[in-house]
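Shared between the two complexes below is chain A, which pairs with chain B and chain C, respectively.
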Partner chain A sequence: MNKFIRVDMTTKQVTIEEVPAKYAGLGGRALTSNFVADEVKPTCHALGKNNKIIFAPGLLSGTTAPNSGRISVGAKSPLTGTIKESNSGGSFSQKMAKAGIKALVIEGMPTDDKFYVIKMDVNGAAIEEAPEEILGGCGNYKAIEVLSAKYGEKVGIALAGPAGEHRLPTANISFKDPEGNMRSAGRGGLGAVLGSKKVKAVVIDDTGAGAVPIADPEKFRAASKVFSKALLDHPVAGQGLAAYGTDVLINILNEAGGLPANNFTSGRIEHNDNISGETLNATITERGGEGKVSHGCHPGCIIRCSQWYPDKDGKYITSGFEYETIWGLGADAGIKDLDEIAYIDRAMDDIGVDSIETAVAVATAMEGGLLPWGDGKAVLDAVKQIAVPTPLGRILGGGTAVVGKVCGLFRTPVVKDQAIPAYDPRPIKGIGLTYATTPMGADHTAGYCISGNILKVGADIDPLKKDGQIEYARAMQIGTAAVDSTGMCLFVYFGIADNPGGYQALIDMINAQYGTELTAADVDKLGESVLKVERAFNKAAGFTNAHDRLPEFFEYEPCAPHNVVWDFTPEEIDEVYNF
Partner chain B sequence: MNKFIRVDMTTKQVTIEEVPAKYAGLGGRALTSNFVADEVKPTCHALGKNNKIIFAPGLLSGTTAPNSGRISVGAKSPLTGTIKESNSGGSFSQKMAKAGIKALVIEGMPTDDKFYVIKMDVNGAAIEEAPEEILGGCGNYKAIEVLSAKYGEKVGIALAGPAGEHRLPTANISFKDPEGNMRSAGRGGLGAVLGSKKVKAVVIDDTGAGAVPIADPEKFRAASKVFSKALLDHPVAGQGLAAYGTDVLINILNEAGGLPANNFTSGRIEHNDNISGETLNATITERGGEGKVSHGCHPGCIIRCSQWYPDKDGKYITSGFEYETIWGLGADAGIKDLDEIAYIDRAMDDIGVDSIETAVAVATAMEGGLLPWGDGKAVLDAVKQIAVPTPLGRILGGGTAVVGKVCGLFRTPVVKDQAIPAYDPRPIKGIGLTYATTPMGADHTAGYCISGNILKVGADIDPLKKDGQIEYARAMQIGTAAVDSTGMCLFVYFGIADNPGGYQALIDMINAQYGTELTAADVDKLGESVLKVERAFNKAAGFTNAHDRLPEFFEYEPCAPHNVVWDFTPEEIDEVYNF
Partner chain C sequence: MVQVTVKLFATLRNNREKEMRMDLASGAAPKDIIDRLNIAQEEAAIIMINGRGAKLDTVLKDNDIVSIFPPVGGG
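Let's turn to the complex of A and B:
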């Protein structure tokens, strides 16, 4: 990966640069965050010409390392105003890496009103006008078909959906996956940044690319084998996720009393059987989809957590049908029918909105009286309005914080204006610290403390108590920032947390590829440095410790069934970033 | 004024306290801001039980001092998240002062869903259920009639309109004026705070109250006479404002090239004759309203800038028809018909929304494609939807920043999420510094640099140049914080800026009333201390210098006809609060 492609949408110029020396050892989130910190003015408007958006494969992307195909996207977020990295599956990362492209940077803003496609290949990149038929509300499913037909079935595609064209703060970036469906860099409205630059899509054609160069192929193969085994041997990474998808968590969280229901008024639901991973699996099997129950979101995935969900006639509705989405609609918004949830998930993917932000916005809108509680049909209709967008569609597309504003709500579950996801911070205190302090705004993937608090993987910490949580949330965020830089799926954590050999194998693969001699301490240092860079950007953008707080209602409203409140003091919370 | 009334809406208890010693010498904004800083947790949710709202007459309110009848309202703002003081005319302040009530504090939040009226009189206060007929969308004009009929024609009334009931961030607090119409504490969404506490109205009945005690009545009378003359002798305060109202500024600002048009895309309009103060005056006269052309917003006003605007048949439409409202709808949103603007102004008053925030939200919504440019009928229909509220009504009622979010706009004219009012900061650089740095969010009344930049009252500073502006904006903000503490209308500034005798008379009146020996230096110190207290609150709430910035587009888009951009550096802006 020796090319740095820079596309200026003001001048419509493409420049191919050598990778700056300071970025040589960086990939994924480490690269996107350092780049944004270096080149984006922290106080700039996220939708203005001074924001830049960068796509970067992880360090191991494009190799044969299992689960290494995540693509990181970075920019200043129009949702949170913070620095943002959001990563996704799909084939984009591996194709970029194989084509030798370490990063694509899109900057500036056109003065005309047209939308464009950026086409990358082994020789560089070009800017072309976007086909008319994929604009003006065309859904992502169709857009992927049209672009695949035009540029070749095998190309990788990154796409701003209708929400991105409208620059709505919930807009995600969708990536074509191996089955021609899509995966998303969901959080933080990066699709709106792409839309503001009038980039409808980015296409990567890796035709003619060779294999990614590996300094020590033998060492790489050996390490890769150990790493694979570590993943496959683990009960969660090797079996649980494949069998039931991430939706396996519905029953686990419900049992733990940490499944937020009815806009975070309780931690448990009665209708968990309607929406659980077990029901999901049974339904898919019953409808003849068993061969497709489980698959990977990117080539080389061996965990295969993604679920392919068909209708009663066995016809595809949606895939990548995740726990967080099913929780948001099924528990937080109280929709009791899995098919209704599936159709809403499909609509969100098709429109290109973050399914977490949108689902929580829906539940918040129910509390605000904008939508009836638990009414899946009304929600599907409302979500589809985001593509138009109608005023109601704009409110939901504005995200949870906007819903809270226009409904005059006290109970708005956001941190730094980003929706709190599927784990209640009161009975699962570790994840609350991640929500409060990560530079990303509320984000479970920034330090998945559910692991040691609930799943007891990598640690065993009482979720209801404060003991040990500060150190744990810190360590998880540091480790995650490092993993997010490798191109690895976050779920590899399950394979390496309790398995020192698995962790060493991951480091060995990096060393084998780059001819480096990194140690575990170096990896920690990388994670720390990423967080420090991100936090410095946020500070310059105007964020202070006062923003590292959960919404006040968590301090006053006990969460059933454990009837606990959020009780970390500000001083304790601020300890998380004391490194 | 020796009573401090505290109403706890959680327990429905009323407590009458002695005025705490630390507040003895404070009134108006000095009192509200110190109180909020002392008792409100800066990081609290503005619509939660930890926010408090305080009503405080100015130091001179209730006396015979001309123009001393402004009431200050303070709280944490749900619009900006900052500390907020907003003041208003009407008879409320004088009646509170006469009844000996130095402040009314409303705190807590009911757990039931009813709305209440707080009734104050010389003996104390009581909480009563609000009459059903003024709830659920009842307009403010009717609510004032109902409350006047119930509590007596002569009572003072403070009111949360339908917008306040819905806790929308544009909700103002309306005060009954001497003619039974209304005046507003417009900015910052304080009506939503009242609504969150389920207080529909506050009534003050001063029956049985004596005169406000004056330590040295003779000195007071003498000073008051000098002060009156200073006001009446000044061409702006004594004549211009009475003849044409504040709308006299349309032609002045248009001529100066600082009248923001079409969502701040230019500083001049062609249709100024349609909406100018001269046209306003001629229209009122022609329609038989000449006796009512000019009147005061509160008893004892001798400037009488308020205009009473009738329809073609001479029937009242609206009053307090201000320049900023007419600018917002007429220039920024391009509505060319004064009658259409008047009906929209009436609707905004009736619904209880800030006419500046709402008008700018309307213009921004036009840029975002939500409303057609310049279409007064569409705007009237949309504004009326705030009372329902429909989704479109909620978006507008959410304020300009929300409109910018849901329309994905780069050009959103706000500072600290509050709309920039009627003076373009590019060709009038002094006012830009006030917008950027005042603790209130964009607010021209926090340091009206138009005075020395355009009107050449009190100073003569080239509006297009940076020279002298930093010191001027600082001095104007300090002086304003002091004046806002006296209960004086801001326009008294015209009478004292170039008239040292007038200024001394103002200080003499305070000394004569309280038996103090304040000097001009003490008044400056008071102003400084108020700003420091406000700024410290904001800092604790998470605000930094990074928030003291104008929207980025002002730096890049030259404003016609002078074609100048906003060019103060961050370091220069930060000098304003270097005291």
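Let's turn to the complex of A and C:
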């Protein structure tokens, strides 16, 4: 990966540079966050001309390493005002890496009102006018069809949906998957940054690309084999995720009393069987047709947590039907019908909004009286209004913090204006520390303490107690920042958390590819350095430790059934980043 | 004697009821439940009693709800 492409949307100039020396050993999140910290003015407006957005494959992307197809996108977030890295599956990362492109940077802002497509291939990049038919409310499914017909069925595509065109803070960036459906860099409104730069889509055509260079192919093959075996041998990574998808978590979080319900007023629901992973699996199996119980979001995925969810006639409704989305709509907003949730999930993908932020915004809007509780049809109609956008569509598309303000609520579940996802921090204390302190705003993937608190993978910590949580939340965030830099799917963690050989194989693959001698300690240092860079950016943008706090209501509203509150002191929370 | 409710999830439901009442001798523990249901110990990766983490040998009380999961993950 020797090309560093800059596209200036003010001058419409494309510049292809050698990779700057200081970025040579970085990939994924390490690269995007260092770049944003180096070149983006921390106090800039995220939708103004001084923000820059960067796409970077992970260190191992494009190789034969399993599950190495994550693409990282970085910028200042219009949702949180912090630095942001959001990553996604799909085929974009592997194609970009194979084409030798270390990073694509989009900067500046056009003065005209047209939307553009950036087309990358092995020779570089070009800026073209976007086809008229994919603008002005065209859904992402249709836009991918049009762009694939124009540029080739096999190209990779990154796309700002209608929400991105409208520069709404919930806007995600959607990435075409191998079948022409999509995965998303969901969190933080990066689709709005793309839209602000008048970039509707980025296309990568890797025709003519060779294999990614590997310094020691023999060593790489051996390590890759050990790594694959670690994933396939693990009951979660090798079998569980494929069978039930991430939605298997509905029942376990419900039993643990940590499934946020009715806008975070309870930790348990009664209709869990309607929306559980067990029911999802049974429904797909029973309906058959185009339904698939398991599906990989990029070539080389051996975990296969995704699925195709069909309607009663077996026709595809949606894919990548995740626990977070099903929880947000099914438990937090109380919609009891899995089909209704599936159609809303499809609409969110089609409009290009983060299905966590939007689902939590919907539940908050229910508390605020904007929508009836549990009404899936009303929610589908309201979500579709984001694409227009009507005033209600703009409010929901503004995200949870905006909805809370518009409705005059104090119970608004956000940290740094990003919605809190599917695990209540009162009965699961470790995850609360991650929500509070990660530079990303509330984000479970930034340090997935559910693993040791609930799933008993990698650690065994009592979720209701404070003991060991600070150290655990710190270690998980450091490890995650490193994994997010490799291009690996975060779910590889399940396969290597309790398998030192598997973890070593991951490091061995990086060393074999780059001819380096990294140790586990070096990888930890990489994770630490990423977090420090991100935190320094946030500090310069005006964030202090006073922003590293959960919403106050968690401190005085007990969460049933355990009837516990959030009780970490400010001093204890600040210890997480004491490294 | 104690009477408890047992709830099974994911693959543990294959060829078993998903929820049942069970009578056990005083001093019984989740280990006795999984033995009776022919569930291997490594399959019972996560055990909760009344929504709190428990061990194979945690002593059960009358009317406890025992939830048993195979290894699961997501996120």
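Here is the rule we go by: the second predicted complex is superposed on the first by the 576 of 579 C-alpha atoms of A that agree within 3 Å, B and C clash if a C-alpha of one lies under 4 Å from a C-alpha of the other, contacts with A are read in each partner's own complex, and residues count from 1 in each chain.
To be clear about the criterion, contacts are C-beta pairs under 8 Å (C-beta built on N, C-alpha and C of every residue); 3 or more make two chains touch, one makes a residue touch a chain.
These numbers come from a predicted model, not from an experiment.
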item	value
Touching partner for A:A536 - first (chain B), second (chain C), both, neither	neither
Partner chain in contact with A:T390 - chain B first, chain C second, else both or neither	first
Which of chain B and chain C A:H45 touches, first, second, both or neither	first
First (chain B), second (chain C), both or neither touched by A:L168	first
First, second, both or neither for A:P235, with chain B first and chain C second	second
Which superposed partner A:C407 touches (first chain B, second chain C, both, neither)	first
Chain B versus chain C as contact partner of A:I302, first or second or both or neither	neither
Touch list for chain B against partner chain A, complex	42-45, 47-50, 78, 166-169, 192, 195-196, 370, 390-392, 394-395, 397-399, 402, 405-410, 540-544, 546-547, 549, 551-553, 556
Residues of chain A that touch chain C when the two form their complex	234-237, 240-241, 243-249, 251-252, 255-257, 268, 277-278, 305, 323, 444-445, 448, 450-451, 454-457, 460, 462-464, 490-491, 494, 561-562
Chain C to chain A touching residues, read off their complex	7, 9-11, 13, 18, 45-46, 48, 51-53, 67, 69-75
